[in-house]
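When the chains are written out, they are named A, B, C and D in that same order, and each has its own residue count from 1.
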Amino acid sequence: MSGNSIGKLFTVTTFGESHGLALGAIVDGCPPGLELSEDDLQADLNRRKPGQSKFTTQRKEADQVKILSGVFEGKTTGTAIGLVIENTDQRSKDYSNIKDIFRPAHADYTYSHKYGTRDYRGGGRSSARETAMRVAAGAIAKKYLQQVHGITVRGYLSQLGPVKVEKVDWNIVNENPFFCPDADKIPAMEAYMKSLKGNSVGAKITVVASGVKPGLGEPIFDRLDAEIAHSLMSINAVKGIEIGAGFDSVEQLGTEHRDEITSDGFTSNNAGGILGGISTGQDIVAHLALKPTSSLSIPGQSINTQGEPVEVVTKGRHDPCVGIRATPIAEAMLAITLMDHLMRDRGQNAEVQHAIPDVSKS
Amino acid sequence: MSGNSIGKLFTVTTFGESHGLALGAIVDGCPPGLELSEDDLQADLNRRKPGQSKFTTQRKEADQVKILSGVFEGKTTGTAIGLVIENTDQRSKDYSNIKDIFRPAHADYTYSHKYGTRDYRGGGRSSARETAMRVAAGAIAKKYLQQVHGITVRGYLSQLGPVKVEKVDWNIVNENPFFCPDADKIPAMEAYMKSLKGNSVGAKITVVASGVKPGLGEPIFDRLDAEIAHSLMSINAVKGIEIGAGFDSVEQLGTEHRDEITSDGFTSNNAGGILGGISTGQDIVAHLALKPTSSLSIPGQSINTQGEPVEVVTKGRHDPCVGIRATPIAEAMLAITLMDHLMRDRGQNAEVQHAIPDVSKS
Amino acid sequence: MSGNSIGKLFTVTTFGESHGLALGAIVDGCPPGLELSEDDLQADLNRRKPGQSKFTTQRKEADQVKILSGVFEGKTTGTAIGLVIENTDQRSKDYSNIKDIFRPAHADYTYSHKYGTRDYRGGGRSSARETAMRVAAGAIAKKYLQQVHGITVRGYLSQLGPVKVEKVDWNIVNENPFFCPDADKIPAMEAYMKSLKGNSVGAKITVVASGVKPGLGEPIFDRLDAEIAHSLMSINAVKGIEIGAGFDSVEQLGTEHRDEITSDGFTSNNAGGILGGISTGQDIVAHLALKPTSSLSIPGQSINTQGEPVEVVTKGRHDPCVGIRATPIAEAMLAITLMDHLMRDRGQNAEVQHAIPDVSKS
Amino acid sequence: MSGNSIGKLFTVTTFGESHGLALGAIVDGCPPGLELSEDDLQADLNRRKPGQSKFTTQRKEADQVKILSGVFEGKTTGTAIGLVIENTDQRSKDYSNIKDIFRPAHADYTYSHKYGTRDYRGGGRSSARETAMRVAAGAIAKKYLQQVHGITVRGYLSQLGPVKVEKVDWNIVNENPFFCPDADKIPAMEAYMKSLKGNSVGAKITVVASGVKPGLGEPIFDRLDAEIAHSLMSINAVKGIEIGAGFDSVEQLGTEHRDEITSDGFTSNNAGGILGGISTGQDIVAHLALKPTSSLSIPGQSINTQGEPVEVVTKGRHDPCVGIRATPIAEAMLAITLMDHLMRDRGQNAEVQHAIPDVSKS
């Protein structure tokens, strides 16, 4: 039953339930010498934090992270980094209405089957609250990637329900409540969210890593794309992953799909920066499909723990589109996986002398 | 650089290059007492084998598997199962035309960057020939799942280029060269393949596991869907993975997507049989996007190992749609991942007494 | 650089420096339904805690553990258990005397070489203070082993410097400051400790697991004895591990060493309860050699970080024999490894029907 | 039940039974560019091979290894290396005498309990024949360590029954049938072996790695000494492991044990080259205790699979001291573990700039 770790050499292990005392993580494998403070982590935590706009849940969570170990005199020491966020919003709420029922599309039914028990307070371990620690751990990876390898990991909301983004202006992504990169689409997104009226909707997120050198990834089974798929699919509510052209590849001809190579670089990036499970040096591009929020105030049918039919209505404060706040989470997971592969790869260091032309430099 | 294993308790490790002496695998963690012979593996290997129809490569590969260990008196002993397939089609071919160039959309460029060298004969380790051992190992998992747990793993081609399957008749899947489950679409597929004339096309595969009990999967990071995504994305040419509704979730409303629960079972399966990373007891359904074959007789531009521009034309015998033969490979990978999770899960045995209603039984 | 986890299915990951804010651990893979409270962990923590007698360090550490997750309504839920102990004895001490020198027999020199930096306050991560979290995590394993499988894990000091234990009375082990099982030897131990006068001495610990059924262990490389050796050798100051007869085997004849089998059980236990890497059903017996404490008030020669010769004298409060407090740590590590193997083993459950005679029952 | 792999980044997975068709291994994680031929492996295999002198078993096993993948144009490619040795000495022997009995000190009883079945031909998977693949895989590690890092791994027999070696002359180790480094002791060893007359005896092996730089090892749990203990204890018949002073540490005073440091190096090596789980730059020294061979022609009592008492007499060709042939096996395992740690360590490359004095260079 142990599945709370990810990464082989850069390993993130998390704990914590939605309404427990605290969330925490151990980040194992960060090289020494990286300047690191709680502020570095807090920035991304604040991007994920609920209650930042009228389009996300109004719950208040301080999400104040503490670094308990692994940093000395302002720099990482190479030893395990312990992180903790105390849960401050533990209202002594009455959970009797959900204690004995299985909310549709939630993990209530499956956790009960697996464990024979569950912490029903706010979803317990299956709550998306758990993703706060991913963001905290991912912030360490993002900083290392940026500072030591010049790799930038960032993301945006590429589709909200039927509203599709048409252009990407990185400058505005963090300036609107949707992580939307297309200023022209923000009004449509706002209007769409208002129209939901108690219903919820899915979303599509795109994450991009720039500056990854060619040669990262571990065929056959630990290919970079396979591990990115693992990492991103492990995020709550994710139902699909694409690398580069993704499902568009199905209808593409070979001549359309193949990214030709010139001395000045690749002519296109249908590969999404990965060929044969190894980075090409182009941007690594992945898309995630997120399902609509499962907690709805519109009644749905289900059963209780006795197997009897019940009507479920979720009260309280929930995101109408969980996809919106997923952007920093997806960035964090991509960063964690890249970091792990950087640590695993011996081709990135002096042992292998590359006399191979590197068109990504051009 | 070690990435040739998959699975934590049911572990498959493979070796072998396209034109090396042999391919092989070690299957570690198969419980004792399973009746197993080479014929059990050969059946699926023959489904994957090239040269079975005019729509796949005409290369002849016997793909005759030998079991070297782990089976005694016709049954598995619980120890490591060694498998080997000798390569019989090692034509002493002239590879001078591809030795020094990077074929577009192939792994030539990335392998060269990672390793500083590559076995250029037929793609070496990056060749899809490697997938033969996945099919052999997967056949062991499929047999165990079927015999011990009553789980059936099977797949079909759901889309070939623009031709989409509209109905699923499992009885015909293995009776046509496309693994197509819709008899009405076979003529269109044949016609489309003939129209390709040296070009290639992508495909979509669907794999389904029936009979999985609720409770399988290891949150948070080793969720069943995350590990299925890893497993399927590790197959050559795969660029996208969906679980259940997949990317359709993006535009779904919460009320559409949520699978309501009744005493007679779930009313739909947008979840694809997985909630919170744990099986629901419904069919587990995954879709894979496969890119078009990269080896084309239509010239494309690239560079050579000196960085100079070259024109690439691939000669020889290649599948115009690698997706076609991918159906047994995808089944194998899904089976391997389910098998691994069965071994890891303690909830499937007597330690946890489930008094929870199981609607999948109804 | 990630090495802070142990166990494959029952996985313990720790963090924390001697003088950091806190120590912590994540215990991943404990089955649901186990009654667990902080008191269960505190009992063993108190056995390890310094300042319990005049023969151990007089430092005061409250070592008060908190369970942050994974327990709900008094029982484990099957999800990750987060543990933390705040460091209360963080005196704002002057470390300038050891900051720039490498104390002999300590990890100062090696940590500096590995990481290029080190937290010099009290040894940082290399301090035995880290073992508190092992004891906390091990207490969970010990309780599960006892309650669910009837397995008892316990240990004693079998030798202190030249004073060798000659008989084992489990009833007195926790009733004296040495974990000594032989009442007749306690006066000699006391006298020997007093004679040390600033010097330190090594010790030998014996740990025993009773009630393990035959069949536990995972050949070839994950043999039970190999993983016990790993687990015990990972404890600070341990320099040797024996299973059963250990180094006495070297001079034994085959007829002496072999444990013959009768219908009433084995006639001896030179194997230490493990044959071929798998438990026999007899007591599992392991011995550990612990080196003398490295912190001495008797001057020793070393170099500083500039490579210049220096004289090192350690001031402050240190155990003259680290082996004494190691008994609960060794028990914890043995319990963690047995727990992990119980989780990994499929032969312990209903899938394999044992018709094999079990002489351990007689 | 999967335990047939060792190593995290340099991973060796083996298969094969004593009397099966073949033994094999996959060596995953060897960097590219290493010149490698079957001869490199055969040299060590021949040192381990039985029938080399009158003091080892007279069974003939060709132990001819084949490299099936991972090497191209005489050099490793960085991909998985497949190895196989066909079993040529599969006499169609009558095993009815051991089929239904549990030989004392063998793994018959424990394998039967674990798996509910066993391949009784010559011990099946539990036979020391399995160690041939360790030697083959270890030879790759040894060559890499030597050529790329200047690390030499070698071993000798330090004690045979009561005969203890008193000096180490590396030049004669491979020139006598005992791997004995002390010419004066060879006659006593010969005489002792002749005196055994059907009985067997234990042995002690010492392995040494020279040239390891300071900084190798991954605290806390993956300490270098802990993983060496794991690796060496996984060898058949091993019952004890010591690092450096080992069990002598128990009676040492702190002033005796501590290895003081001078600008010219350490003054002694009680640490065995490892402090805090990390290499010091001194020789890494480990000792192994091996139990006497279990197969004896002197009758012993046991039970059969029905639980009835039986007398066991082992016929056939067996080593009277398995320890003798264990020297190359222990070298192989030490080399595999060092190789794995070299691959895992980031401190060995340019990322960490060591300004720390390195006394091992002096």
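Here, a residue touches a chain if its C-beta (ideal position, glycine included) is under 8 Å from a C-beta of that chain, and two chains touch if they have at least 3 such contacts.
Quantities reported herein were computed from a predicted structural model and do not represent experimental measurements.
Engineer: Show me the overlap between the contact partners of chain C and those of chain D.
Structural biologist: Of all the chains present, those in contact with both chain C and chain D are A, B.
Engineer: Tell me which of B-C and B-D has more C-beta pairs in contact.
Structural biologist: Counting C-beta pairs in contact, B-D comes out ahead.
Engineer: Taking each chain's centre as the mean position of its Cα atoms, how many Å separate chain A from chain B?
Structural biologist: 26
Engineer: Would you kindly tell me how far, in whole Å, the mean C-alpha position of chain C lies from that of chain B?
Structural biologist: 44
Engineer: Could you tell me the distance, in whole angstrom, between the mean C-alpha positions of chain B and chain D?
Structural biologist: Computed value for the inter-centroid distance: 38 Å.
Engineer: Can you tell me which residues of chain C touch two or more of the remaining chains?
Structural biologist: Counting only residues that touch two or more other chains, chain C contributes 1-5, 8-9, 14, 31-33, 78-80, 114-116, 125, 219-220, 343-344, 346-347, 352.
Engineer: State the interface residues of chain C toward chain D in the complex, per the touch definition above.
Structural biologist: 1-6, 14, 102, 104-107, 109-116, 125-126, 130, 159, 161-162, 196, 199-204, 213-223, 225-234, 236, 238-263, 267, 270-272, 274-281, 289-294, 296, 298, 300-303, 305-309, 323, 344-347, 352-359
Engineer: For the complex, which residues does chain C have touching chain A?
Structural biologist: Touch residues, chain C against chain A: 1-5, 7-11, 13-17, 20-24, 26, 28-33, 66, 68-70, 72, 75, 77-82, 84, 114-119, 124-125, 343.
Engineer: Applying the document's contact rule, which stretches of chain D touch chain A when the two form their complex?
Structural biologist: Result: residues 8-9, 31-33, 78-80, 148, 219-220, 343-344, 346-347, 349-352 of chain D touch chain A.
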